[in-house]
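Take a look at these structures.
Across the two complexes that follow, chain A remains constant while its partner is chain B and subsequently chain C.
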Partner chain A sequence: MRSAEKKKEKGKAQGKRVVTIYFMGKKYEVPEGLTILKALEYLGYRLIRGVGCRGGFCGACTTVYRKHGDYRLYVGLACQTPVEDGMYLTQIPFVPAEKPRYDLDKISPSQSVVMALFPEIARCIACNTCTKVCPQDLQVMDAIQAILRGDLAKAARMVFDCVSCGSCTLRCPAEIQHFYVFQLVRRIYGKYIAPKAKHLEKRVKEIEEGKYEEELNKLIKGGPDLWRELAEKAQTGEEVIVE
Partner chain B sequence: MSGYPPEFRESIRLVEETRDKRLEEQYPRITPEEKEKLLKRWHPDYKEEQKRKIRVGASKGELAPLEVARLLEAHSRLRNVDLDLSEPDYDVDILIIGGGGAGASAALWANYSGVPADRILIATKLRFGDANTKMAQGGIQAADKDYDSPIIHFLDVMRGGHYTNNPELVKILVTNAPFIIKWLEDLGVMFDKEENGDMIEISGGGTSRYRMHSAGDYTGLEIMRVLMDEVLNRGINILEFSPAIELLMDDREQVAGAVLMNVETDEYIIVRAKATILTTGGFGRLHIQGFQTTNHYGATMDGVVMAYRVGAAIRDLDSVQYHPTGAAWPIQIAGQLVTEKVRGLGAQLVNIEGEQFVYPLEPRNVVAAAIIRGCQAEGRVEARQ
Partner chain C sequence: MKVVYYPGCTVKSTAIRYEKATIGVLKSFDIDTIEVENWTCCGVVYNLAVDSVAYTVAPLRNLIRAQETARRNETEKIILTLCSMCNHTLRQAERRYKSDIDGASKLRKYMDDEPEYKGGMRIMHLLEVLNEFIGIDGLKRHVKEHLKGMKVATFYGCLLLRPRGIGVDDPEDPTIMEDILISIGADPVDYPYRNECCGSYSVVRTPGVVWDRVLEITKAALRAGARAFVTTCPLCAFNLEEGQKYRSRELRGKFLPVFYISELIAYALGRREYIEDCVLAQIRRLLGEDV
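Here is the complex of A and B:
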């Protein structure tokens, strides 16, 4: 029996329908319901690039595909996208982009810094291709436009869910390297725009001054009986005093 | 609903139909004897045939899961391979093996302490940042509010560990935690905050104070990508897709670097280092006893195995944490955690008929055993793809 038929048999044996996909031009039949990633492994491909966390977090498995009778080019994450009948697809192993180096402590939190490091964002032609391909459904173009208007805070919040898969960067006619732009904008927001947590600063200072040192050392010496007694108090919200 | 196959839709219908009835009923707690019986029969940690003694090395005779013992005893990949160690490909001060949160932090702190960026090398099996750190969604604990203190944090940790933790380590944890949050804030991590800058902190499992900081539902991802950006900003060297496959020792039998392998070209890469740091993570992806895992694809215990081969003893490898609630289907979310918090908030555990089968607030191991019994004995839920 030819291998493809065997696979088909296997698919049938599991009581599942099969779909036909074309991986880098080769025709295969795989059980319906698999993700693109699982389908490739089912077919025997050993993936080094184009695979990552398998949970939709890391953006390593960007895949591009067309569908039978449809001229559009689709982009998705292979670990999250199910196979469909008539898919023509390939994995993208890497997205070429150059990360500029900067010292966050020395830059000013301004639009001009972002423009100086990424002047190409001024080339945005508002075509919205980036937004259309984003597997995280981010308003990518609007975020770039927000930066161009100088609203870094808005841009940072808009692109918080970016997984740096680079789909937008590959498709952008203005050749913007979105995921590095967004990383800078988020860090500027986190460091300079969002107000600092004063209670955090206070606690760090207390610890540095050794405020808890004596109590903690007493606790350690006290052993499990003391820990248990005081832990129960902490649970009920009673004041905890280490003597 | 539309994404579910017919048998699931039928089951969802049953679960929905029985919901009103279930709201009235409370599944009884089981007795300590019943618990013991349930655990012995169904909990994977109690399956003696799934563990065995390690046959070689510094921890010879200790129990480990079969999957772990097999790896610890395996032959070296470099058996019958001639390597010329006299001309290392890289000669650095610090080699860091593993490119997750721990590896990136080690590199940054080495650099802060004065080791030049070009004297540090991070070697990682996948891409830099592909690690469990990225998978952590919920949050990160630090006692930094006025209603909280490192003392209370210490007690909560001890209680969670049934008072068996090493107290000195717990002290380090609770006193360093606020400092690390501050460090991350200064690096630009977008923590969830009130308008005045106060951290929004919520309850975590087993804590007596609201202490969990978060960054949306992507706390770990946000921390990891900021750390990565900073490592790249400082020009620290990174070798991706180049896992270490064996540690190297000098004539005094001290670790002095590693042999890496470029997994795309199969080339060996020799690294000489004054200090070698292992930040390779855990073993969830060994899929112990065939279970799904919450771990990243790369978590295959490489560092533990390499360290064992150069003589390090291992400890506490005989137990695995089996979290009761997580996704087994569909593949897109297989292995993802369903937080324990949902049980605390009143969620019930039901089978495909919409019947409860365990009291929801039993301890983790009991709930896990009851779910496995349901899947394996009664065949009612598909345990694993």
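Here is the complex of A and C:
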């Protein structure tokens, strides 16, 4: 008996339904309810590229797929997308794009800076293909358009959840390298546009002035016994003070 | 009344003073402008190839979003445009969608991520809104500061008037801007270049061609006795200003300031708060006031 069939039997024995998927053209049957990533590992694939945090944050496990009876091309993160019956899929472990170099301290927070580094964004014809393909459901095209009209703050806020998977960059007919563009506008936003966090500045100042030196030194001197004692105390919810 | 307002990229960047004056003027006549939600670039240059569906996607998307903005905000089914390029592209797309049955169904299938465009949005340029909803008499009645016969050269440019049926007035002998300017007390001069092209986007690749063109336009306006240009197109305004700077030697240092028509109307209405300080100073200087 071939291993896939064995596994199907095993799945049936456990009372689970199985679904048929086609991974790079090859037909497999896997238990329903697995994510694409788990399904591939269930089938014996050892993933080296195209896998990362397994929590939907890093954007490494981009998978493109089609569904039975549907002409649309879908993109999902393999660690977040459950398998469906009749799914045709493959992993996209890397998206080629040139990483631009710039000194954030030396640029001005203006649209012309973005245009100079990424002149191709002016080629956007508002086809919205990028938005349709985004696994994070971001309004990708609207963000590019916001940059084109100089509204960097709006663009940066719109793409805060970008995981740089690069699906938009592969699909764009204007060959825009969205995830690097977005990285730049978020950096500009963080450095020049967003309001400064006053409490953070205050805390950094306190640290620099040595407010916590004494306590830290006590901690270092106390060693593992003290740390364990304090950790246990902290777990009960009590306030921890280093004596 | 409430209308949907489509600004366009240039109005939001280099021509923000045009928006400020326009919205202010319309507001003082109880016309509220509601900006299209999530508008995109208009598509910039309308593609004349009949099989080019891709370039109609952007303007059509804006028509759809304007339609939805109008529905949500219960406005008139009117899209106000300020820029000649945007006005032209949106109108061409609307006309094409209405008349080109094959192309329309292809576009509809392609754009299934947006609601369907039901048609019937009327794209109106600022000049038409002023002319139709406020009118020459309406403007005249509200003039507080007469422009004292200020000699101005209107500059329509090309795409605001062409092609016939899409443009806002007769392409060869437009009068809409002159009528409005006369009603607020200015004196528009007659010169041959007012409905010609300013050089348009050639400024990106071959700016010299544009500067030479602006030189000819400016010389003709000066010969006719004009002391300023009045336009409604942000790209014309940009080219006219920059061109005069680059050809200042040939113009022997003469420079005609470039005003947007809404800035002069705002001045005439006594609403100086809608005009940028540097522009206001130029207007006052031309009117012989101490600045």
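By definition in this document, the second predicted complex is superposed on the first by the 195 of 243 C-alpha atoms of A that agree within 3 Å, B and C clash if a C-alpha of one lies under 4 Å from a C-alpha of the other, contacts with A are read in each partner's own complex, and residues count from 1 in each chain.
Throughout what follows, a contact is a pair of C-beta atoms (placed from the backbone, for glycine too) under 8 Å apart; a residue touches a chain by one contact, two chains touch by 3 or more.
These numbers were taken from a predicted model, which means no experiment stands behind them.
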{"item": "Which superposed partner A:Ala156 touches (first chain B, second chain C, both, neither)", "value": "first"}
{"item": "First, second, both or neither for A:Ala126, with chain B first and chain C second", "value": "second"}
{"item": "Touched partner set for A:Lys106, first chain B, second chain C, both or neither", "value": "neither"}
{"item": "Partner, of chain C and chain B, that touches more residues belonging to chain A", "value": "B"}
{"item": "Contacts of A:Arg46 with chain B and chain C, given as first, second, both or neither", "value": "neither"}
{"item": "Shared chain A contacts, counted only where both chain B and chain C touch the same residue", "value": "none"}
{"item": "Footprint of chain A on chain B - complex, ascending", "value": "5, 126-127, 129-130, 134-135, 142-146, 149-152, 154-156, 158-159, 163, 167-168, 171, 174-175, 178-179, 181-182, 185-191, 193, 195-199, 208-209, 215-216, 218, 221-222, 225-226, 229-230, 232-235, 241, 263-264, 296-297, 330-336"}
{"item": "Complex contacts: residues of chain A adjacent to chain C", "value": "111, 124-128, 131-132, 139, 141-142, 145, 148-151, 173"}
{"item": "Contact footprint of chain B on chain A as seen in their complex", "value": "33-35, 38, 48-49, 51-58, 60, 79-80, 82, 99, 101-104, 156, 160-161, 163-164, 183-184, 186-192, 194-201, 203-204, 207, 212, 215-216, 219-220, 224, 227-228, 230-231, 234-235, 237, 240, 242"}
{"item": "Residues of chain C touching chain A in the complex", "value": "7, 9, 12-13, 38-41, 43, 54-55, 57-58, 61, 111, 113-114"}
